[in-house]
Structure formats: C-alpha cells, structure tokens
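Some structures to go through are shown next.
Here come two complexes built around chain A, the first alongside chain B, the second alongside chain C.
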Partner chain A sequence: MAARSQEKTNKRNTEDISLKIKALGEKLISQIEAMDNPHLDIPIRGSANVHFDESQQKIILGDKMAKRSLFNVAHARRFMQTMLVASYVQKDLLANELTATLRDLYYAKKHTIEGTKEDTIDEQKESDLAIVDFEVALETFRERLNLRAEPKGRMAGNMTVEDRVRDKVDLIDLSKMGSGGWSVPSIVEQINFKKVDVDYVLVAEKNAIFDRLNEDKFWQKNNSLIMTTAGQAARGARRFLQRLSTELKLPIYILTDADPYGWYIYSTMKYGSMALAHESERLGCREAKFLGMSISDIEHYDLKAVTIKAKEVDIKRAQEMKSYEWFKYKEWQTEINKFLDLKIKAEIQSLSSKNLQYISNTYLPEKIKNQDFLP
Partner chain B sequence: MADKNDVSEEQLSKEFREYSVAEFFKRNRQMLGYSGKIRSLTTIVHEFVTNSLDACEEGEILPEILVELEEVAAAKREEVIASGDGGKALFEIPQEVLEADMYEFYSNGIMLQNKVDYSIKTERKGKESVKVIILKAPLPVGNTIIAKYATGHIKVSVEDNGTGVPKKNVGQAFGKLLAGTKFHKRKQKRGQQGIGAAYAVLFGSMTTGKPTHVKSGIGDGKVYECDLSIDVKTNDPVTTNEKEYAGKFRGVKVTCEFAEVGYNKSEYSVYEYLRRTALANPHAQLTLIEPTGNVVVFPRSIKEIPQKPKAALPHALGMNVSDLMDMISSTKARSLSGFFTTEFSRFSNDKVKELEALTKIDFKKTPSSLQWTEAEKLVQQFQKVKWIAPEVDTLVPIGEEQIKKSLTSLLKPEQLKVVERKARVFRGGIPFLVEAAVAFGGEAGSTLGQEGKGVEILRFANRTPLLFDAGNCAITEAVKTIDWNRYDLKDIDHQPVSIFVNFVSVYVPYTGAGKLAISSEEEIVVEIRNALMECAREVSIYIHSLQKLADQEERRSIFMRYIGEVVACLHDITGVSKEKLKDKLSKIAKDRTALLEAKDESEDELNSDEDLGDSAEE
Partner chain C sequence: MAARSQEKTNKRNTEDISLKIKALGEKLISQIEAMDNPHLDIPIRGSANVHFDESQQKIILGDKMAKRSLFNVAHARRFMQTMLVASYVQKDLLANELTATLRDLYYAKKHTIEGTKEDTIDEQKESDLAIVDFEVALETFRERLNLRAEPKGRMAGNMTVEDRVRDKVDLIDLSKMGSGGWSVPSIVEQINFKKVDVDYVLVAEKNAIFDRLNEDKFWQKNNSLIMTTAGQAARGARRFLQRLSTELKLPIYILTDADPYGWYIYSTMKYGSMALAHESERLGCREAKFLGMSISDIEHYDLKAVTIKAKEVDIKRAQEMKSYEWFKYKEWQTEINKFLDLKIKAEIQSLSSKNLQYISNTYLPEKIKNQDFLP
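On to the complex of A and B.
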C-alpha cells in the first residue's frame, strides 16, 4: 500500500518537473517570438548573494537574480549548455524514467557543433555548472531531475527501510548488513522508513571509525544508527540525515577530526554550503550536534602527546572560518582561538593511543551521556 | 657605419693620396658599397640613377629612367695555379677562382675529379685563412694545374632623359675619381651620397676588363658615344671608339658589364632601391627590366617638378675634413681668410679672428698650404664657435601632398598619415626638416614569406633611399624607441606597416663616408620620433575602429554558432518547429549585434561567470 503511494508521489514529481521544464521552454519561445534576447532568470550564487540566515540556521541564497542571455558574449556558451541539460533531462531521463550520473550527461551531450571545431562541452565541470544553473532556474534540485551524484556513505543499526529500483521494491534491514554496512544511495527520496528502533544517529567522517564501531557492536550496545560520510558528505547521505532528523526526530551527533577541515564538514552537514546554498533547504540538518573532536577534547582526554602540528593551510582555513556567521557561537570561537593559539590538530584515531576500544567504550558513551556537544 | 668597414672619411682621403687608384679601390671596396654581389649591383645602379635624377632636376625635366639588367654568359678564364716540383701536393687557390660561378681544375689536359683526385680545404696563412687544393699525390715536376673558371656577368644599362653631358665633360663625369662637381656646390643634393659613378666604371673594368659605353645627347641634334675606362695609374679617363652623329637623343645612357654582382628582390636589391627611389621621387617614372626580362614600372604619381634647391654657400657647421680639403684644392682665393669669407656662408672677419686665436693657424697664408692636421683642428673648432645659423630656405622637402600621392599609388594602404614638420636645427645651427609617414594595410609592410607581413622602415636622406646599415641610423633608433603598443600596433614586427622618413638637410650627418645611415644626434632622433608619433596617432584611430569591427564580427559569430544547438534543445522540450525558431533567432542575433555597436551590455546582465559563484562543489 505504502509502496504504491510512494510510486504515485514519484510519478507526480516527474510530471511536475516535466511541466516546469516545458513551461520554461515556452517562456523562452515567447521571448523569441517577441524578438527579445532569450534569457533565463537565475539566482546569483556568488558570495554577494549567499548569507547565513540566523532564524532558519541555514546558509541560503539571497533573492538577487541574474539574466543568462543567449545573445551575450559572456553567456552564450553557458546558455547553450544549460539548454543541453534541459533537453537531456526532459527527453532522455524523465520521459523514460531513467536516472543518470553527471558524467553520463556530460558524455551524452558532448559533441562538435556543426560547422565549427568547437565542442558543446569541453570538460565535465562545464556541464556540472550548467546543471546547477538549471536546478536553480527551475527552483528544484538535481535528484528531481533524475540526476544522481556518486553515492558515498554507509550505515548500520536497528532500522528497516524500503527502497525501490523502478518497479522493484526491496526491504532492507540495516542490522543485517555485515561488516560493510548499508550503502546510502545517491537518491533517497524514494526510501520509506519501516521499522525504526534507535535513540540517535552517530555520524563519523571516517570509514575507519565506522568499521571500528561496527566491529565493537557499538550500535547494538548503544541502540543507535551509525554512519560514515567518508569525508565531505555526499548529497544522498546529507538528505538521508535530514530525513532522519525531521521525519523521525532522531538526534544527530557528528564526529570529525579535531581540525578546521573536520569542523567544516560538520558545518556543511548542518547549515549547508556556499556552493550549494540553494539546496540548504533540502540538505541542511539544523538539529545536528557536534560531538567531537574539539581542541578541548584534546585537553580533556589528555591527547596532547598524539597531536599533529597544524599546517599553514589549516591556519588560514581557521582564520576564514572564524569570520563565518555560523561559527560565531561563543563555544566555536573559543575552539578556533585555541586552535590558532596552540597550532595543533588531532585525528579521531588518536583516541586509539589509549586503547583500541577506548572510543567505543569510553569516549563516545561519556560524551553522549554528558551531552558534551558544541552547537 | 657598417661593422668592419669602420674607416673614417679622413683616412679614406689619406689612403686615396697614398695608393694607386686600383689598390685604393681594393682596400676600400666594402666601404664604397662594393661588398656582396647583391649590394654591389645596387651600388652601381644607385650611382647612375642618382646622376640621372640630378641631371633631370638641373634641367627641370620630369625624369624617365630606364634600368635594364641583362645576364651575360661569361667567357671562361684560365689560370695556371700550380707547377709541380715532385714533392708538393698542396697549393693555394686564388680567391677569384673559388668565387666564380663555376670552376674546374686540369692537369695534363685531364679534368681532375673532386674527392677523387683532390679535395679543397681551408688553411691558415698568417692571420688570414686561404683555400687550398690538396692532390692525392705530389704534383710531378713539369706538371701544372690549370684552373678554368667563369663567372656570369650582368650588363647594366641606365638611361635617362636629362640634360645630357657635354662631350668634353664625359670623361670627367664618368672616368675621374673624386672629381664630381658636387663637391663644390653646396646644394641639397642626392649626389652627395654617391662616392661616384666613376667607381662603378672602375668596378666594371676590374671585374670584367670591359670598358663602359656612354651615349650622351644634350639636345643640340647631335649624339655622342664612346667607350670609357680609367687609367688606374694616372686616374685619368681613357675614351675610345668615339663617334658623333646627328640624332634626337637627349639624356645619358650608360652601359657596362659587371662580374661579382647578383640580382634578387631582397631588402638590399636594385628592385628595392628603385621602389624606394620611386616613393621619394613621385615625379619620376622608373622602369626596371629584370634579368628575366620581366618589366617593372614604378609609375610617376605627380607631374610637378620639385622646386630646385637653392644653391647656398657651405656653412662651417656642416663641414668635414675631406670636404674642406677638396674645396681648398680648387679655390682661387689667395689667403685662408679670403677663402673662408668668400666661399662660406656666415663666415665674417670676426669669425676669422676668433678661429685664428683658437687654432693658432695663420689665416693669411695661402689655402693650399693648409695641412690635413690643421684642417682637422679647424673642423673641430667650427663646432665650438657660435655661428649665425645657415638659411632655412635651402631645404626642399618632397611635400606632404606629394608623399601622400606616391605612397597611395605604390603601397595602396588602407590608412595613411603623412606629416611634414617645421624646420629645426641640430648641432647648434644646422637646419633640417623631417617628413614622415605611416602606412597601414594594403601593400604596406615587408613580406616575411610564410609569416605574412612585417614592418618596413623606409629611410631616406634628401630623397635618396638608405638601404644599408639600418642598425646605426637615427631613423631606426627613433622607430625603436616608440612604444607602438600605445598606437594599437602591438608586435609591430608582424604588422603590415610601412614607416617612411625623409631627412632633409643641406648637411646630412652621415655616420661615415659610406653614407648609409644618419647619425643619431639627439635633436634629430627626437624630431623623427615626434613626426612618427603624430602619424601613428591617426593610424591608431583607424586600427582601433578595425578592432571594434572585428570584435563585433566575433560577437556575431559566437551568437550564430550556438543557435543550432539551442534550437534543437528547444524543439526537444516544446516541439516547436526548428526552422521557424532558427530564422527568428538568426534575425535577433543580427539585430542585437548591430544594436550593440552603440551601447554595451546592460548592467543587470552578468558579464562574467564569477558573478554566478561558480566555485567547485566540495
């Protein structure tokens, strides 16, 4: 029953987007009929139009719009590429109920323009940027356009979900996924939560930590879900976390290295990013909390002996982050200042210097019990 | 002054006194312009053409000059270059053998094979290097090696319609070295550059052993012809085969055969020399018959005969030692003071006293007793004394309109700017005037073969082209110090540009006796620079408008390029007919590019990708 309704929703989404694209095309045609310069209205995505919304706790796109015109030397090529994206999504993907990767699109639409020696797309970066243009112009996101990114991220824990590949429906028990865990797909819109029996979600930025916790049966012992993002979180993982947080009201605790890059990974999951500010709404997980590791952790757990000297780039990054609106919390400013002061950083694995299971048996339970988090 | 030819004029005159004519010529060949086959031919033509132009000017005649070059097969020459002594196998080869177009070696009447019977190597002989022939075996006693060699000749004939040379002066004009009348008359004349037509005559007889044929008519119904050569011992003309007959011919035709000369169309060639002569003498019609028989006409572009330069007495500031000694040798004055006050301009008795005090030379003595060293001292002091400047009205420029006409007709440029500047002075008082032009596009610029067009600098002194020693010339220096980027002529070395400069003065400050380049005196370089920059400004405006047009063209092509793709996509999305969309879009593109001429993109539109914040996704 639920499966059928989900299928219906998906179909309706597809039709909605398809109509939106058609409307956009018709708008361009009416511009052409009126002998006007055909153009798309696209929100500006530069730093001038990206800011932090205090009340929503999100990095969002402002309302500054720009015209992307065909007959403008600086825009012509990108306009053409955006149209290539539009036709590919409409005609090849949505109409056939197929999904594709960004690279698929790149190869599908790359060809030599007739009568010239110029290619429609030189590098994938160009079509990727055209995709972003198209998403924001349609006020949607790429998953709705049946475009998927590389999946990244694994999970394990007491939860059962239902996933589908076109008309094939699978029931997946995340507690029976062995040593590797369940791989979070790049599109998670179609996933239904079935049986959920956990108290919180623990996210680590590193595969190694996930494997450690899985081996230590951490999720079983602590009645939780564990997840690895394997570095900067992919869109699928971020969206899935948001759904766990908003739909299931599960607390999300995030564990990263004690350095500016780790902290930035956390902030992206929570507030969104500058580059994808238009998707913070869908990808941001405002309730997420920072569990560790902080410079204070290094002091508190006496890890000074196993720290690494901070590099020039780390320091530069920290100085930049200090000025970000979303790092303006007193606690974060203290952490960043400590970092700039001591010029040291630490990996999560530094906890292994105590003993291998110190993280599972002592560090994490202690932190969670004391609610020792950063905002 | 060109590299190794660095001989001062003083030295030249001294040597001329010390050696026989032929030896003098051999020693100074290079400096006299007879180095290299191409250049030698250009020098020969230059000497004759210059005389022709001067003769026409003298008679106020529109010049019509015909230069004909004809290749003549040369007779073989033979020379015994070695006699055997039974032991030696290595012999020096005379230079003229190896420089010939073909040579063969014979021994006992049998032709020797290179690499089989002999080889040729370079050996050091004292400080010089010589070529030697090395035989496989020593040359037996009694045997000789005979070199048979031949060099192709070029027969040069130059014919004009000038005043002609009177019969009694022919020998003097063509057969006596350093005897031209131009050393005595201080006019702004082309002929000052030439070392003299007589050297060409000498060069011909030295290289081919043949005399020069002269035909002359002064318009009195009689034509005079003779063969002429120079007695190298006495420096006297020798005329043979003289004849005189009734005829209407007026002008001069000189014909002479030369070896060690060559013809091509390079920067230093006869072709280029005549082309440039035509540019600076738009009233002259020049015709060149190339050795191939091809006829090149540089047509007359104006019919006005240029104003005759006013004869003026020489001014001390423009003197050099050899000119001064020449004047001394022919003066009729009885004292030095008389000589200077009567034969020079602005040379007062006060100046005589002043110079007497400065040089301690007795100005009461006869001019002929003036020593070379004393003349040197005088010339040095001339530069230090304050003079009343020479008259300016002796300067005769080509004229702005005339240059415009001639450059337009010969270069057909897309854009041309000519300026004629006011007269200025250098060295504290010598008047000079600069005429300059910059021509862009059309046939302007030099051809760089595969690479297309490049800049060409057309240098002139009193209308005479300066082809050689460009690197030491004030004109080249002025061109090089200008920042051409500022005038939209980026990378000027590869632009279709002709830069024309005519330096006009009664005293052209050449860098040396070779008269190849103008000395880079500050006032001159600055003036040429200013003139050229004035021209460049105008050309820059034109180039700028061209670039704007090209930008527009580029813009249009960018717009048109993507229409096909956009139309296909819109068709995919909406199903609207491709043809209809394509027509409309093409029309909009055309309208837009026309519209954009006046105004640029409106401000609410994005002009760079940066504005859209295209940082890579993390």
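On to the complex of A and C.
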C-alpha cells in the first residue's frame, strides 16, 4: 500500500469538500442576485425513495429530489439551520482541521442571535436533520465534514496502521495491544494501512468473543485481524471494514448470535440500513460473509441443551426479514425457515459449554476451512 | 516502579487464590468427614449490612455473616452452584491461565448432569449470585478468579504500560494511540506501569470529551493521562484508576455533566456503590476529586443559555443524594442546594457553545490551576 498516495488522497478530500461547500454557497449567491428564491436540491430520504440495488448490493436512495427554499414558510427554518451547519463545518471545522460531534455543533449554533431569547436550534434533532440535508446535498458523508459519531469497537491483529491527530502521526502495531486492543476511532478516513500480514478479518458482535479470541491468540495462529463491534456496528467500524474490503481486498467474516438481531447486525454492516440509505455507499461492505453462528450449527455442534426459546418478537422479526430483498438468497431463506420451524436461538458463547477454547480451536477453524458461510 | 516485583506480586496472587480455594475445599471435606453439615460462611450483602465507613471513605459490607449449608432445603441448590463455580474457577480457569465471562461460566455449568433434562443452573442470575458468594467467601474479587466483565473505556497519555496475555508480553505506549486510544481491559491486575510521565489523570464520563481532549493534545500539553469511562465506569476502569491512585499516587480528576447522574457516576468511582459494597475495597478510588462540571460553573462560565431544565426524576434523585453520608461535605450540600434552587443542569459539551477548544484551552487549565474541585 503506497502510504504517500493515500495521504495525498486524504488531503485532496478535505480540499474537495471545501470547494464543494464554496460552490454551493456561490450557487446560492447567484440565485439571490438573480432575485430567485434561494434553494437547495436535496434527495428525498423517505421510504418511497429507498430501494435495494441489485448490482451494487446495497440499500440506497433513488433519484427523487426535493427543493428546500428560503422563501417557503415550511422550509425557511430548516434552510437557515442548514446554512448554520455549512458555516460551522467550513469555518470552525475544516478551516481549523478540527472535528466535532453533532452535539458540539448543536451547542455552537443553538443560540446565535444575540440579545434575543429565541434559539436558532431548539432541539438537537433539528440540527441533526440539517446535517443530513447538508451531507446528501454535497454528495458526501459526515466524516468528510469532520463530524464525529460515538466510537465503538476494538481490534487486534497482524497489521500496522498509521493514524493522524492533526499534525501528530502515530504508527500503531495492532499485534501489540495487550488484552485491551486498539479502539476503533469514529473517523477512519485519515488512517493509512502500513504493514499488512493478514489473510482475513473476523468481526465478532460481542466484546466477550473478542477477548476470548485475543486470549487464545487466534489472530496470531490464523494470521488475521480480529474486531468486535460491541453490538450494532458504529459508523467508524463499518467504514473501516469497507476500506479493508475494498482497498486491501481482505475477506470479511462476521460472527453474531444465531438470531434475527444477529442477522440484522450482519445485514447492516453488509448492505447498510433503510434509515441510513444515503450512507450505504460509504458504510456498506458488500463482500462480507456471515460465518455464523447459524441455526444449522446448533445441530451440527450439538448445542441443543444450551439454546434459548425464541420470543414472539424474534419470530415476527424473522418473518419480516424473510421478505427483504437482501435475504432472498436460497441459503438465507432456508436459514430463516429453520429458525421459524425450531423456534430456538443460540448465542456464540453457548460454544463455551463444550470448552472455553472450542470456538478458537475447533469451531472457527472448521467453519473457515470449509468456507461454511451464508451469503 | 519495579516491574519484576510487580510480576511476582501478580504470580503470587494467582497462587494465593488457588491456595485459598484448596483450603476452602479441605474445610468442607473435614466437615463431611466429621459428619457435620457442610457449609460456607458468607458475609450478608443486603442493605442491613451495608454502611459508609468514615475512616476508609468507602461504602462497605459490615460483619454480619450467614451460613450457607448443603443440608438445608433453602440453601442446597445455591450451595451446589457455588461448588460448580469453585470447580470452574480452579480447574478451568486458574489451572490453565484462562479467563472467562460470567456468561461462559453459566454455559459451561448450566447442564452438568448427563442423561437428564434437569439443568444445574437455569438462569444466569443464579450463577452470578453464586459467583458473588464465592468471591466474598474467599475475601477476593472476581478479576482475581479470572472472571472478566464487559470492558469499557479508552485512554491515552504520557505513560507506557506492560500488559500480558498469557505468555505474550506487550509494551504499550499510550502516547502513540492515534485518534482511537487504548481500550481499557476488563482485568487490569496483570498490568505493570513502566514509563510514567504524568502529573494527574483526567477522567471524562463521555467519549466525545476524550476525543476533544485527544485532538487538542491536552495530555501532551498538560502532562497527563486522559481516560473516558463512556458512561458509568466499568469494573476494569475503576480498578485501573484505583491502582493509578494508590500505587503511583497520581491525582485523579473526574469530569461529568452537571447533574445528579454525573454525581452518581463520580461517587461510584470514588466510594463504590450499595449494590457492589463487597467490591468497594478493590474498586473505589477514595482520593478522586470532582473537577466539574459544577452548577457554579454555569454562572461563572456564562452558560445559562445552553442549560437544560431539570426533570422531576433529577430533582428527586438530588434530594435523595443530599442525605447520603458521602455527600455530607459542606461543598456538596451547597452544590446540591444550588441545583435544587435553579432546577437546571448542564452538559460538559455545552462549553462548545463558546468555542470548540474552550474546554482544553481555558476551562480545564483554569479549574486545575485553581484546584477548583469538589471533594
């Protein structure tokens, strides 16, 4: 991996965003000068404009656009708030090479008209919506606007990455992270992959599994990178996995509990989600594979005694998911039917009933050797 | 800090626990051989036996003990489960130098009588209670039994630690963790402090504050270690802070939102909690100080416009806390009264309304310079 060219790419990206923001501003000014109603063209994000794209294998936004105008009673407030977002991103963040959270932005722009008690932003959800408007209008995503989300997840493995905090550059050897692991940052655009000696990436939904694999030196013995998302994957973890998949062509294997919530965690990492359809392009990881735990594993690995009875809500969820286009694969239909038939679920940790290291010494090596995955 | 002597201490601890378990087992055997009813003496954990110890400045268990006997219909099942815990800890974990979660233990000992459908442990809460019985009976805490909890928290700063995963020893330079930070492990007993060039430890309740301080290179400029607990502090973070305070004599400053929930997060780190009174001795950090945000800060830093109206539940909580012995300090009574009077709360991030780096460049340096803390 050529680090220098990556650095250039990162630098160029920041510049591009600033140029895009300036271009947007100039367009608005010329609308004003032409005595036109200033407006933004923004893709509609409602379910009517969200669909699963077969060729891209992603849940994405369609072509339907909406105009957001200043001189429209229903739009004026949001238009103003979107301008506050634009100003904050350009002048406070990008110009100073600083990052902030959505909450920082909210506090900074909440009360901008001095001498009045009127707030320009009442609730954070207003500025959050204005931020999404702004990112889709610019055809980018919030990390490129230097907006951070809550970070979550840890990793360890045979890889060295270079991370940058403003002008401070750190070389981080992920094979020397002890029992803690390196925390996955919220923004991963600036990370460069340096030494990479990894055959695949194994992503566990749970911290407990990460700790088990790390203690068993799974990533050393199996030449891999391990990551936990600690539940539903955060944006930083999703983007990092996408980069590992597209830039380094590393296979991504995902390990969740055998239940509809586990499938949902998997499908969000792979295809994106309805709610964040405008982000799937940057956050989805279409080459990811579902390693397990599968319902068939319960029988194959003799785990019947340590399964859990499915709840009503699990069954309803599974029935819904069966109809999703991205679960239409024959293998997934069989999996979901098996679940609906047996009405049981199983946690990855139920493998501990065999012995603590069974997952590292038997289950995972077998599944990976046999490429026993769901698509 | 002499690393070698610390290593010896760690090694000795493991051996001590094994010896303690063996001694417990031998005591039970001699009870059986004497035709006595086999029993364990276990400190009572109910509120009647929990109190605040002035001299230790900790919420601790009193002297009241209960007998748990095998030949007692009300005790037999729990006695059996406590023996399952003892066996798992000794034979599966300590003997193999492995760690496990409470859930692993539950799965391993759930179904131990072959050829029957009867479970030895039905629900995890049963084995969790048996684990607490076992740790208090041994006068130790679960991390010494190689039982892991959910890890949470990140850190960075001018310190190098040595962490060990079985025979693999890693030297971790916390000043080179990029934007991610090092994840605080669940068990921190094995960690040795190596290079320490730190004047104090700053603990932020929120990830967002950690990211802000890290980006502003606060720990470099102010020669410190920064940590986030990402909400209520996990056991690993609490124990690590205690070790930093008692072994390295580092001042610990805690930064939470200005509201009763923030005070509660602080008091748990400092004094322990009612629910885990049996653990305060190992998890409490009595020298910790509350840096802020305080209700007085709202006025002093002119943050009135970005405060939040207190909810009914906040006010009820504050009234309760006012009567807690560990909030009897004059300064805390004034603080709580001020809150009850103004009925507003403020988040640390509200400082972003001034400017993004105000917290790093002005607020924290001022508070620390003036030692403007609550006890």
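In this section, the second predicted complex is superposed on the first by the 356 of 375 C-alpha atoms of A that agree within 3 Å, B and C clash if a C-alpha of one lies under 4 Å from a C-alpha of the other, contacts with A are read in each partner's own complex, and residues count from 1 in each chain.
The rule is simple: a contact is a pair of C-beta atoms (placed from the backbone, for glycine too) under 8 Å apart; a residue touches a chain by one contact, two chains touch by 3 or more.
None of these values were measured; they are calculated from a predicted model.
Asker: For A:370, select first, second, both or neither according to whether it touches chain B, chain C, the two together, or no partner.
Answerer: In the superposition, A:370 contacts neither chain B nor chain C.
Asker: Thinking of the overlay built on chain A, is A:98 touched by chain B (first), by chain C (second), by both, or by neither?
Answerer: second
Asker: If you stack the two complexes on chain A, which partner ends up touching A:55: first (chain B), second (chain C), both, or neither?
Answerer: Neither partner.
Asker: When the two structures are overlaid on chain A, which partner does A:118 contact: first (chain B), second (chain C), both, or neither?
Answerer: Touch status of A:118: first partner only.
Asker: Taking the superposition on A as described, I'd like to know which of chain B and chain C A:323 touches: first, second, both or neither.
Answerer: Once the two structures are laid over each other on A, A:323 reaches no partner at all.
Asker: Which partner does A:172 reach: the first (chain B), the second (chain C), both, or neither?
Answerer: second
Asker: Between chain B (first) and chain C (second), which does A:46 come into contact with in this model arrangement: first, second, both, or neither?
Answerer: first
Asker: Name the residues of chain A shared by its contacts with chain B and its contacts with chain C.
Answerer: none
Asker: Under the stated contact criterion, what part of chain B meets chain A in this complex?
Answerer: 554-555, 558-559, 561-562, 564-566, 568-570, 572-574, 576, 581, 584-585, 587-589, 591-592, 601, 604-618
Asker: Where on chain C is chain A touching in the complex?
Answerer: Those residues of chain C that touch chain A are 92, 98-101, 103-104, 107-108, 110-111, 148, 150-151, 154, 161, 163-166, 168, 170-172, 176-187, 190-191, 207-208, 211-212, 214-215, 217, 305-306, 347, 349-353, 355-357.
Asker: In the complex of these two chains, what residues of chain A are touching chain B?
Answerer: 21-22, 24-26, 28-29, 32-33, 35-38, 42, 44-50, 66-80, 83-84, 86-87, 90-91, 113-116, 118, 120, 125, 128-129, 132-133, 232, 268, 273-276
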